[in-house]
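Here come two complexes built around chain A, the first alongside chain B, the second alongside chain C.
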Partner chain A sequence: MSNSSSGNVGIVIVSHSAKIAEGAADMVRQMVGNAVPLAWTGGDPEGGLGTNVAGILEAIEIAWSPAGVAILVDLGGAETNSEMAVEMLTEDRRARVVVCNAPVVEGAVIAATESSGGSSLTAVQRSAEEFYA
Partner chain B sequence: MSLNREVREKLVRALAVSMIEHADELTSLDQAIGDGDHGLNMKRGFEAVLATLPALADKPMPEMLKAIGMTLVMKVGGASGPLVGTFFMELGKALPEEPTRADLVAATDKAIDAVKARGRSEAGQKTLLDVLVPVQAIFAAGGDAAAIAAEAAEAAERTTPMLAIRGRASFLGERSIGHMDPGSRSASLLIGAAVATLEFEAGL
Partner chain C sequence: MHDTNASRASFLPLTASAVLVNPVGLHARPSVKLTQCAKRFAAAIEIALAADGPWTDAKSPVKVMRVKAPQGAMLYFRVAGPDGEAALAAVIGLVHDGFGEA
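On to the complex of A and B.
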């Protein structure tokens, strides 16, 4: 998990591995300090490799910002579980959360850097997704 | 079709037992072409569902199905949680409390569409949809429980020579050919368990 608060777009990192998620979050923090709300989650409901909806919902809550939240994911299940979590949010929040089609580590760092300059959710997502463009 | 409390509880137990008893088989299928956790994940999800009995079966059928779906979404992990969970939740949303067979066919159609949307997938990509779609065709055409169960088993077998296009197995490319899709196998087991219970108890 992680912390911080500001009006900037929040970043959530979702990996099958808690270590990867935490490590990616460390790299983000090194880049942007506490300028960006940030949270990470990884592992299945029992702590093995995998992802879980409850953990993702919790991470969205921690990284919540009125400007929205960008989620960075690794493999398929992380994406499917993240999309499920987004659908379970209240309607007003749902419209302000995006799952980025981007590599998890590079995407998180570039998204956070974009966010730290006060960019919109759309701009943050676009920056992250340029890796696959 | 009568879906009284006793039938509902038997249905839940049959579904759960089918996943718990086949957990090792599903895991070994998934070790071949996935990340090797499918059996464990489905077992964990259905053990969590079992833990909500007997209160779960007190709910009317639509509410019970939605509750099963939500438990699976939260407990299974992996991509299967949202996919199988979505199927149960949408089935519950679309089903009246005392469904006719036609109601069940219509609700299953909606649930399958929701799985397609959730996975952004169609039949032919070596996923559980390769069982759900052909089985639904038999069900909608009036097939009896034996015909539905037989098609479920055969449809899972038919995924063996398929090339995976969605999911973790798609990373393997042509090496995914020659292995049965674990999600198709679990779907066929769940369908087999459901129709066996409903045929016996409710006259499917």
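On to the complex of A and C.
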């Protein structure tokens, strides 16, 4: 996990694999830089493949920004668990967190690129989702 | 007629071009650098592989990557806006500099 405090939209990477999540975060840091709050989570609590709500909540907390947080997910459970985590946030925070419909690695890099320019959460989400447009 | 168009005329598009020197072309990392640079300016900034387009929004990392510009390609830029001149200088500078990695 890593973070960098700024007013830019935070990015959370959720994968079934901790290695994928960490690797995607490495790509974001190397390609985009440190101007974006960033956190990743992957795997189940036992260290296997999977995702868990507590880990996602923790990642949202680490990457939190007043501008909001964009979550990038891989498959099925990553998405449903992320949506569950968002549901568990306080109401004022819930409105500022989105799960993007985008590929996890590419989406994370693009979302972070958009965020690093100071774009809004809506613009960050739209940019990441351009991959499927 | 000239008077009524005076303010618009000051934002007439400026163009410039530069050769892409990066060995792998305009791949992910340079695309990110280019869009980050472009976003610092208010001006509309577009990129193309030919002087007459088609033009691509240089502030969209996804679209810039889809240009798939190879090494040796001539990159054309078209900018329009109050800070257009500075924007054009900045993006051309990036290309000349190999986006800091060539």
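Everything below uses one rule, namely that the second predicted complex is superposed on the first by the 133 of 133 C-alpha atoms of A that agree within 3 Å, B and C clash if a C-alpha of one lies under 4 Å from a C-alpha of the other, contacts with A are read in each partner's own complex, and residues count from 1 in each chain.
Everything below uses one rule, namely that a residue touches a chain if its C-beta (ideal position, glycine included) is under 8 Å from a C-beta of that chain, and two chains touch if they have at least 3 such contacts.
The structure displayed is predicted, hence computed values, not measured ones.
Chemist: Could you say whether A:F131 touches chain B, chain C, both of them, or neither, answering first, second, both or neither?
Modeler: second
Chemist: Between chain B (first) and chain C (second), which does A:A54 come into contact with in this model arrangement: first, second, both, or neither?
Modeler: Only chain B; A:A54 stays clear of chain C.
Chemist: Would you check which partner chain A:E83 touches, where first means chain B only, second means chain C only, and both and neither mean what they say?
Modeler: First partner only, chain B.
Chemist: Of chain B and chain C, which one contacts the greater number of residues in chain A?
Modeler: B
Chemist: With the two structures laid over each other on chain A, which partner does A:E46 touch: chain B (first), chain C (second), both, or neither?
Modeler: first
Chemist: With both complexes superposed on chain A, which partner does A:L75 reach: first (chain B), second (chain C), both or neither?
Modeler: first
Chemist: Taking the superposition as given, does A:I110 touch the first partner, chain B, the second, chain C, both, or neither?
Modeler: So A:I110 only meets chain C here.
Chemist: Which positions of chain A sit in both the chain B and the chain C interface?
Modeler: Common interface on chain A, chain B vs chain C: nothing in common.
Chemist: Chain A touches which residues of chain B in the complex?
Modeler: 35, 37, 40-41, 44, 73-75, 77-83, 85-86, 118-119, 166-168
Chemist: Under the touch definition given earlier, write down the residues of chain A that touch chain B in their complex.
Modeler: On the chain A side, the touching residues are 16, 44-46, 48-54, 75-77, 80-81, 83-84.
Chemist: Taking the touch rule as given, give the residues of chain C at its contact with chain A in the complex, in rising order.
Modeler: Contacts found on chain C: 28-29, 32, 35-36, 39-40, 59-63.
Chemist: Along chain A, where are the residues that touch chain C in the complex?
Modeler: The touching residues are 31-32, 109-110, 113-114, 116-119, 127, 130-131.
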